[in-house]
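Here the chain labels run A, B, C and D in written order, and each chain numbers its own residues starting at 1.
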Amino acid sequence: MTQKLLTGVLLVFTFAAVSIAQEADISGQAVDSLPPPTVAPPSEATAKDTPNDAGSSITITWKRSPDDLARVSGFIGYDISRGTSPEGPFEKIGDVPAGTVDDPELKAYLDNNTVDGTGYFYLVEAKAKGAVSGAVTSMAVTSSQAWFNFGLINMFIATVFMISAILYYISSAKAGKKLYIRKIAGLEAVDEAVGRATEMGKKIFFIPGTQDMDNVQTIAGLTILGRVSRLTAEYEARIDVPVSRSLVMITAREVVKEAYLSAGRPDAYTDDMVYYLTDDQFGYAAGIDGLIVRQKPATIFYQGAFYAESLILAETGNSIGAIQIAGTAMPAQLPFFVAACDYTLIGEELFAASAYLSHEPKLLGSLKGQDLGKIVIIAALIIGFLIQALGIYNFASLFRVAGG
Amino acid sequence: MSVFGIWVGAVLTLGILSFLYKDNPFYKMSEAIFLGISAGYWFVSLFWQNLVPKLFDNLGITKLLGLNEEDGAIQAIFVHGEYDERIWYFIAGILGIMMLLRLVPKIGWISRWPLAFVVGTTAGVYLTRYLASNAVAQINNSLKDFIVIGQPDFISWTNFNYLLIIIGVTTGLTYFYFSKEHKGITGGAAKIGIYFLMITFGASFGYTVMSRMSLLIGRLDFLYSDWLRLIP
Amino acid sequence: MKRGIPLIIAGVVGTVLVIQYFIPHTPFGVLNDVFSDWFSIIQATAIWLGALNLIKVSGDKVYKRKRDWQFSLVVILCFLLMVIVGFFFSGGRRFLDPGTPFSLLYDYVYSPLVAMMFALLAFFVGSASYRAFRARNKEATVLLIAAFVVMLGRVPLGDALTGWLPDWLHLSVISNWIMNVPNLAGQRAIMIGIALGIVSTSLRLILGIERSYLGGE
Amino acid sequence: MASEKTKAFLLKMIGIDRRIIFIFVFIALSVPMFISIDMNIPTSPEVEMLVETMEKLPDGAKVLVSLDYDPSSEPELQPMAETFLIYAMRRNFKIIVIGLWPQGAIQAERAKAVAEEHEGKEFVYGENYINLGFQSGNELVIQRMGSSIPAAFPRDYFGRPVDEFPIMQGVKNFSNIDYVFNLSAGYPGTIEWVLFAVDKFGATLGAGNTAVQAPMIYPYLGKQLKGLAGGMKGGAELEILTSLEGRAVKYMVGQTFAHAVIVLFIIIANIAYFATRDSKKGGVL
């Protein structure tokens, strides 16, 4: 009973208040107590097909609402809606928070869910407490797939340059030009290491790392295995290749077989020289450790991609007094090999090893191509440093790789 | 953890640990278990995690076998008459079978085809990706933060460090230079480069010591707390 | 057939993947992902060959009663145990869910073995530093000092030793500087060298100049 | 000059059996576990920044915890996970756990059990704690979360739809998350969280890393990354600053001993090497 009465009284008062307010409005006087909430809209909303991508994406940009720039309290952010005609209907697809002091005047949103070929309009609405106002993009925009990623133009030039440099030196080496290659200590020692194993009548172990054939270091390691096993065939030493990946096992067998064949000792080859232990990193390390202490090889090669097992293997090898020659392009594992092995091929030297050991002009030519790459990079760093430091040009930006 | 499980774990742990003293039957046992179990683990994992979802599901073989409800390419094409791009995974299946043909000595050479595919893929992917992230992007990283002349911090510790990094990178690269003897200017630069590389090796080694020690602490904690219950 | 076609396959696939890097358009854009799936499939079939080899080598030892043949028998039995449990008794593709027999073997047998093997590194780090860090010549001395500073700088001991010095001479500060400046420079030089080496190796593989992985005729 | 006797001893030291070194390492790590030593662990600015940011969060804040590691990094990162969950429980944070590594979700459940035992009470699942499990896709998962968290993780670790739970009400993307805490042992990890969640979606991020990983993270500290705890030392500092001293502080004693032993060995080896240099030619390096 009382409740109804109260509601009635309230209603009357509300009516009165509203009509007073309306009168006030008509008379053109502002009302201090009840300003209707408003928000300034964003401006210059534009949409365009996101460039250099595989389609299905449109980028929307707009100038921030003046309220956002002025950091008016109660300003929330922006809602992005999408439709296929400028009149709507629009469907909300996402939101963007209000900007901060440091943000630029333009804001952007990436719509990653478009159908290529369909024309879209976008509505960008500024949102504040109780108020919304928006701007619509003026033209229908369609997304499409690009045939060339212009963001990668610097990479394209770099790739073409490197490939041509290497090809040039390969062809000039083929034509009979003499190429000088400096000594690489670890590789000079290969002969001696294989020879020592032969003299002692002990085995040689070759460990091609713990990664599979989808790592180029493993492949580089296996090309070195080719040269090493050729030597063992010539010296009539025995080589064991325990591996941790089945594909590596298959490849290593091809490699060793070919080496024995070309050394003229095909009958000395058996498949048992290459055997699989386990795919597991540490299971493999446990297995190799066992093999090392039981068979006491005179020489151990570690060539390929290694992780934490590097030191476990190299220290065990060291404990039985084997000559150890390691090579890897895993920067984090290099210190351990350097500490525990007699010789270590550092990074790039791993990839140069097969060319170096083969003495084939074509392969040596490719090393010369790498060296040209080095000169260019050193020059870029020195010149770039001067240009950058003197504030002439933002040289570094030439080398920014889009998309990481 | 059940008590039995802890005992199994502790015994195997001690088996591996005993290797430090010398090779012994206890270690040989742990090693044999490790080899068998881990090889089996990867064998099973690759089957369920690679072969089944990537080959059998995509083609629809799992549905034919009644292991899965979802349609694959086979159902899409032969039941619904729609082209399904997953049918291309058929080639991967063939490449896999070619691999297994190694077991037949006469035609074992055909396994070189999938091998060549793998090597080609690896070479193609690595060429551009490494050139981008390890070479081109590193030039950008070495240059980008340098404070420009005229700004208040131009002569500062920060800029000195950036300069030092550029010296280190260029001289370090000279060390890797193959087609010239390390004499004269090249030799001098390479010599400085070697010092940078030596610092790198020493520092990385020293840095890793800490986490390697923590690993052992973790194992000892397991032995003393969970197994022997010496530590509350 | 034995060598020619594989060389063509490697060359074509490699070239396409190099080009693919620059082309977002289908089918190039997705080629990398698709091929990496294909690699997984080839890898998952190839492991059958590895497993058979493991059984063959171990089986040989058992059959011929070679030295330590008992342990080879354990290898085979453990392998079969894991495979049978994983294929038939652990809920198919949800084989790693908590509580399945497979995951119990994983937790109680496999995990402790991995963890302990990994932890052996602590000991080897000790013995390696004892042997390797000697001030034999100038280069080795530099390596030694860098390792020394960083090793001490990472534990409270380092700052306790240098606490009386001005802030910038604290071992932790110096060790951070070593990590962020000379170490970074050295790492970068190594990384750039590796990139060039990889470009050249990949190119040799794509061109078929490096072909030892294919074996002979 | 050293007498013949000391020289002989030093020669012996050079060729010392590695097993003696092993024993010393073992003792150095074992003994501190049984005795309690009060060690003064100075705190570093990066961990102080981490804790300050956590302190500034309101009680009951929504926090996303991403555990991106596996059991092999457990000794370094698990204590941090436990400390954070205990701290979160005290502050009544609402915790949403995910993993970019497959084992992350399991590690979270283990840390949760420890936190609950420590505090003597339990998280109410679905109200102030939820485990969304693992999704494959590395940084793409973060990208997907940027547009919609429920779409990136439609079901929780135990297979139930996430929108059933009150904790997920109103959680759409990073704008509904007050703070992201990431523990990382490599890729994908803190770098990806910085590049995508922070740079792209404006999240506030704090992180813990393994000692091996931490140096690569330093460059992001400050604007992009609000604090970093590196390795066991970082973990210990985190415990000290949150007044929740536990495992990491305890482990830190052993860690310090071990480093001291190794440093001592290097010194001994070098003294022995120099004193006997003329009688023995260089070593292995």
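Definition applied: a residue touches a chain if its C-beta (ideal position, glycine included) is under 8 Å from a C-beta of that chain, and two chains touch if they have at least 3 such contacts.
Please read all numbers here as calculations on a predicted model, not as lab measurements.
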Inter-chain pair with the most contacting C-beta pairs: B-C
Please indicate the chain closest to the centre of the assembly, with centres calculated from CA atoms only. B
Using each chain's Cα centroid, which is most distant from the centroid of chain B? D
Note: chain D sits from chain B at a C-alpha centroid distance in Å of 21
Averaging only over C-alpha atoms, locate the centres of chain A and chain D and give their separation in whole Å. 24
Taking each chain's centre as its mean C-alpha position, how far apart are chain B and chain C in Å? 4
Chain A-chain C separation of Cα centroids, rounded to whole Å: 17
Residues of chain D that contact two or more other chains, please. 18, 22, 25, 29, 72, 74, 211-212, 215, 231, 233, 255, 258-259, 262, 284-285
Contacts with two or more other chains, residues of chain C listed in rising order: 18, 21, 36, 39, 42-43, 46-51, 54, 68, 111, 113-115, 117-118, 120-123, 125, 127, 129, 131-133, 140, 144, 147-148, 151, 154-155, 179-180, 183, 187, 190-194, 196, 198-199, 201-203, 205, 213-215
Give the residues of chain B touching no fewer than two other chains, as numbers and ranges. 16, 19-20, 28, 30-31, 34-35, 37-39, 41-43, 46, 99, 102, 112, 115, 118-119, 121-123, 126-128, 130-131, 133, 135, 142, 166, 169-170, 173, 176, 197, 200-202, 204-205, 207-210, 213, 215-216, 218
Can you tell me which positions in chain C touch chain D when the two form their complex? 98, 111, 114-115, 118, 122-123, 125-127, 129-136, 140, 144, 147-148, 151-152, 154-157, 159-160, 172, 176, 179-180, 183
Touch list for chain D against partner chain B, complex: 19, 22, 25, 29-30, 33-34, 72-76, 210-212, 215, 231-233, 247, 251, 254-255, 258-259, 262
Of chain D, residues touching chain C in the complex: 16, 18, 21-22, 24-26, 29, 39-42, 44, 71-72, 74, 106, 211, 215, 218, 231, 233, 252, 255-256, 258-263, 265-266, 269-270, 273-274, 282-285
Under the touch definition given earlier, write down the residues of chain A that touch chain D in their complex. 77, 94-95, 97, 112, 315, 318-319, 332, 338-339, 342, 404
Spell out the residues on chain A that touch chain C in their complex, using ranges where they run on. 52-55, 145-149, 152, 155-156, 159, 162-163, 166-167, 170, 212, 214, 216, 219-220, 222-223, 226, 245-247, 249-251, 253-255, 257-259, 261-262, 272, 275-280, 282-283, 285-286, 294, 308, 311-312, 314-315, 318, 329, 331, 334, 336, 338-340, 346-352, 354-355, 362-363, 366-367, 369-370, 373-374, 377
